[in-house]
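Just below is one structure, and these are the notes that go with it.
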Amino acid sequence: MTAPAQGVLRSWLEQMILIRLAEDKVMEIYMQGLVPGTVHLCQGQEAASVGAIGALTADDWLLCTYRGHHHALARGMGLEAFFAEIMGRDSGACGGMGGSSYVIDASLGMIGSPAIIGAGIPVATGAGMTARLRGEDRIAMCFFGDGACNIGAFHEALNMAQLWRSQVVFCIENNQYGEYTPFRDSTALPPEAPIAHRATAYGMAHTVVDGQDAVAVHEVVAQARASAVAGDGPTLIEARTYRYRGHSRTDPGAYRPPGELDAWRQRDPIGILAERIGAAGEVEDIRERLQQEVDDAAARAATGPWPTLEQARGYVFAD
Amino acid sequence: MTAPAQGVLRSWLEQMILIRLAEDKVMEIYMQGLVPGTVHLCQGQEAASVGAIGALTADDWLLCTYRGHHHALARGMGLEAFFAEIMGRDSGACGGMGGSSYVIDASLGMIGSPAIIGAGIPVATGAGMTARLRGEDRIAMCFFGDGACNIGAFHEALNMAQLWRSQVVFCIENNQYGEYTPFRDSTALPPEAPIAHRATAYGMAHTVVDGQDAVAVHEVVAQARASAVAGDGPTLIEARTYRYRGHSRTDPGAYRPPGELDAWRQRDPIGILAERIGAAGEVEDIRERLQQEVDDAAARAATGPWPTLEQARGYVFAD
Amino acid sequence: MSSPTESSPPSPAGAEVITYREAIRLALDDAMAADETVLLLGEDIAKAGGPFKTTVGLYEKYGAGRVFDTPIAENGFCGIALGMALTGLRPVTEIMFSDFLPTAFDAIAMELPRWRFMSGGQTSAPVTVRASGGGGGRFGAQTSSTGESWFLQFYGLKVAAAGSPQGAYGLLRAAIAHNNPVVVFDHKAMHLRKGPVVRGDDQLAEVGKAVVVRPGSDVTVVASLLMVHRSLEAAEELAEEGIDVEVIDVSWLRPLDMATVAESVARTGRLVIAEEQYHDGGWGSAIISRLATSGSALAAPPVAVSMPEVLISHSPPLEDAMIPSAARIADAVRSVRA
Amino acid sequence: MSSPTESSPPSPAGAEVITYREAIRLALDDAMAADETVLLLGEDIAKAGGPFKTTVGLYEKYGAGRVFDTPIAENGFCGIALGMALTGLRPVTEIMFSDFLPTAFDAIAMELPRWRFMSGGQTSAPVTVRASGGGGGRFGAQTSSTGESWFLQFYGLKVAAAGSPQGAYGLLRAAIAHNNPVVVFDHKAMHLRKGPVVRGDDQLAEVGKAVVVRPGSDVTVVASLLMVHRSLEAAEELAEEGIDVEVIDVSWLRPLDMATVAESVARTGRLVIAEEQYHDGGWGSAIISRLATSGSALAAPPVAVSMPEVLISHSPPLEDAMIPSAARIADAVRSVRA
């Protein structure tokens, strides 16, 4: 795989900063009472999404989860549609029907982000089958968490994906916890083995990558994408990362050992990429510029109209 | 593990012959219209059940499936209660409620045999937890088929069983097919790997054994039982075997490659054990004697009364 | 027991008399021929032609890219079907027995019907889930449920149930052509029952439309699946007593065709529900409740002929006592006439 | 909006005024203290005290052998609970949100309720499944269902729904002590609502018994979960108009306490159902249908105040439009009085 050009890396850096700022903004407007329900934030996980999505083409499909803000923004969703969705407005990406858990844009290939753990894994496998059956140069990219690797849907989908050589790439964003439980407390594995090791049960390719390093993530996803398209089957990628915030809005993260968060912050994905491309000095400028965009978009989004029950009714069934 | 004494092996031989004759009898009475519904027979799989159950103590629990006749008989169910259950009579082991799919005797530690694929695997795991929580020298022995290894319940249960060191032993009776589909067509595995290899996903012990050899099966089960009781966790055992009959009553087995059945018959479990204990010359005598028992029991069972709807009502809820 | 086709109306033009099972197979065949995006997923349905022979020959005709033998993983392959549907295909999944549906409830009841809505209408999920249910085969507690009403509370799913070979054909064709998820139930005990079937791309059942299978003026019987046949048998018997029964094959449990039922009941003033299921939580109670809340005036309280509250055993006398018979339906009709 | 305890009846002797959520926690605590075979399984319920804080302190008090943090594997751990129950334990599983129940339908709906029967009564399955459901939290389509009627067609399961802190305590205690599988629903939007609760081993709710929470003579309102509270609010409002409403907290959806409902309706002649669910396939339609088939004479057609047939979105005006309000319930009462 050829490494991404400097300009591309620069755009990733901007994207990651944008995601960070947008997530912080979501917190802020949440505290202002503008966000109904709860939110699952992804500060700290920016590299896993930006690096992975950077390896995709416009035709590829994405399957995300309730913790999917970074995927939406990395894939290019406009900020106003993003915030408006989270605020439940008609002008949101999903007309206000999805909310924080379901911020997708089908025109960008984002085909779903269910709230039910594991539910997306078979769905992505099915999309990958469409690509395979049609012989298209296209994959389905499936993101999910470490906790999702213990539910039945994971097993059923990975078996069929491998059996049928679905053009899917599975990416575990291992952020160390499923809600308040460290993954090793819920996930039986051989001593020291990564979760990605589970792929061997199906004879599936797998790899572990530093999820804080966008370039490293990009590389393994690009490779996995090529294998999938070549008919060599899916890959189970484990990107090791961390969520700076608690699981959801109400979680202060008290279950974390002291120092853990700080240690991970030392390996902040934005800092790592900035360093790598020699742009550390520019981060603050970029932040400032993007902060303005974020603030403006959120403010505009907050003026969006509410959806009506009639509109909602119209979304249930296709004609 | 100490090898079973000659007398024990002799009794196993008799049990295996009894199971074979009983299953043939089930076919016969089926053709006579005495068996409602369908049946899933196990001729050819006798060694897997007799060897495994031979390694258990009276306190151990068993979890079987709709293909469970051999387990019931190996565990010591009386022939009349066995046939009467299959005929739907009040005098059956389950009062006629279970039928061919559900021939259990709870007083023998048989706690269930669901018709739903995979459903028993978590249940056995739970029973094994009871033993562990109480610190008892006791396990749950869980039998299921090769096809069951692809459903979500398998994955969820094995993960928790290993995580919590449940005192359970899992035994895949790999009879090569799930209904009409060869296991390699439905089960993604590394090239040449056995299904038992899937245990490695959880860091669980596993082993493959010749399911036609009761002594070999006994040995691995005894070992797995000891590990489980010692708190070392479950073992996933794959016993390689074959069902001589089709999947169920209506299946002629047309999907089998020519010669396959004959090849397996060469390795008939009864012959193998008889040979091993130098009793090949006695098999015919044993058959004759047991045939009489089987015929008598089936005849008596056929005169049993039908259960009533009131009785059935009483079985739904415990007081 | 009357012979399979006895109580069927005279065959319409262009009808072939075929089994219900063959009607399912032909619906799949014709749908696959009409639309190359239609494909099938299920256990043992490809090379072996299906445990109920509803796919015989389709693997040979359409190939490995259109007919898939799946592992035993219902939730997984229904989720896969959803992913295929979101990306332009039109999959049909076969759930061998209705009792296996619970293993796939997340995919079928929680994902399929809500997926499009959550996206604000950006996506759609044209998946058909087929399931064979029902008793009479002496299969016992975990392989005899019709399952027909299990999804009623999961708004967003449409649910059909085939009461005749024509229904089996037309409902399945309609479901496959529909742009939303549909579950289509058939009844195992009807598989070998024959009836006239008119095939063709213009023979799709109308979504949400019940079928008056026997017009009558005295009592309305609303039935599904095998109970349609038993209701027709009861109607024949009652005709000899001078009671003219109208039998409605409800055909769609979601959405319920209350217009057809209400119109019939407005004429007859009397209602019997014939259902192979428990009453609470079923479509029969939905109909009765909807009539009650709409203030329909009945000449007599409605009667539901349902399963008694016991589980099904494989023991023949028990199964026979549980599944509503033509005689029980006839008695109910007499009782609302009294 | 009235304050949480406003419409509660005067506290009985020995009552503490506590939150609904605390009532759940204390029911678990007291049940574990009373019976050492009781143990808990669920996600994040041990060390973290539960996503809804319904198990705070229990891990510390009863230890790792009685309170288990499970992987995200609802079907698996409900099946494990069944295995524990068959072998002498009395497990309680926590399903965080009702919407996650479909992932575990095989264990809950197909295994738990049929297991004992298939054995001809040799085994029993005293498992309690708890689930928190309901809207109002702006959680959106896949985390707002009450789920309360999803099991009605799965005969063999008993189903309870807590309409007050006392109900939360007593129903859960009753379920845990019961020798058969029970699903107990609570409502997320009630977790912080306070009310008087009398604790103790003699405070188990009676299985299958509805509770008249407000006696009245003009109209019967039958409600569950949050709708009980909203019905009481409506009743207060209507009292000022001179309409005396009887409010019944249905409490058990299986078995339904038709005796209590029928007795009430016989007095009032008027019935309103208040339910946070779709009508078809729910317990509300079961009640109306059972009254209709039993020939109960009502002075006016019954009215069901249910969810409109749309899916729930997290958008506040939409959620508010969908979940029945006290005002909608009051209007329904007025309409049956008209």
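All chains are identified by letter, namely A, B, C and D, in their written order; residue positions are counted from 1 within each chain.
Everything that follows uses one rule, which is that a residue touches a chain if its C-beta (ideal position, glycine included) is under 8 Å from a C-beta of that chain, and two chains touch if they have at least 3 such contacts.
Just so you know, these numbers come straight off a predicted model, no measurement behind them.
Common neighbours of subunit B and subunit C, listed by label, are A, D.
The centroid of the Cα atoms in subunit A and the matching centroid in subunit D are 36 Å apart.
The centroid of the Cα atoms in subunit A and the matching centroid in subunit B are 45 Å apart. Inter-chain spacing, taken between the CA centroids of subunit A and subunit C, is 41 Å.
Residue positions of subunit D with contacts to 2 or more other chains are 70-71, 73, 75-76, 99, 102-103, 106, 110, 117-118, 140-142, 155-156, 309-311, 313.
In subunit A, the residues that reach two or more other chains under the touch definition are 96-98, 102, 114, 116, 150-153, 155-156, 159-160, 163, 185-187, 312, 315-316. Viewed as a network of touching protein chains, the structure reduces to a complete graph with every chain in contact with every other. For subunit C in complex with subunit A, the residues that touch the partner chain are 39, 65, 68, 70-71, 73, 75-89, 91, 106-107, 110-111, 115-124, 126, 155-156, 179-180. If you check the complex, the residues on subunit C that touch subunit D are 75, 99, 101-103, 105-106, 109-110, 113-114, 117-118, 140-142, 149-150, 152-156, 254, 256, 277-286, 288-295, 301-304, 309-311, 313. Subunit B makes touch with subunit C in their complex at residues 36-38, 88-89, 96-102, 114-118, 147-148, 150-153, 178-181, 185-187, 255, 306-309, 312-313, 315-316. Residues 150-156, 158-160, 162-163, 185-191, 193, 197-198, 200-204 of subunit A are the ones that touch subunit B when the two sit in their complex.
Contact residues on subunit A toward subunit C in their complex (touch as defined above): 61, 63, 92-98, 102, 104-107, 111-112, 114, 116, 119, 121-131, 133, 140, 152-153, 155-157, 159-160, 163-164, 312, 314-319.
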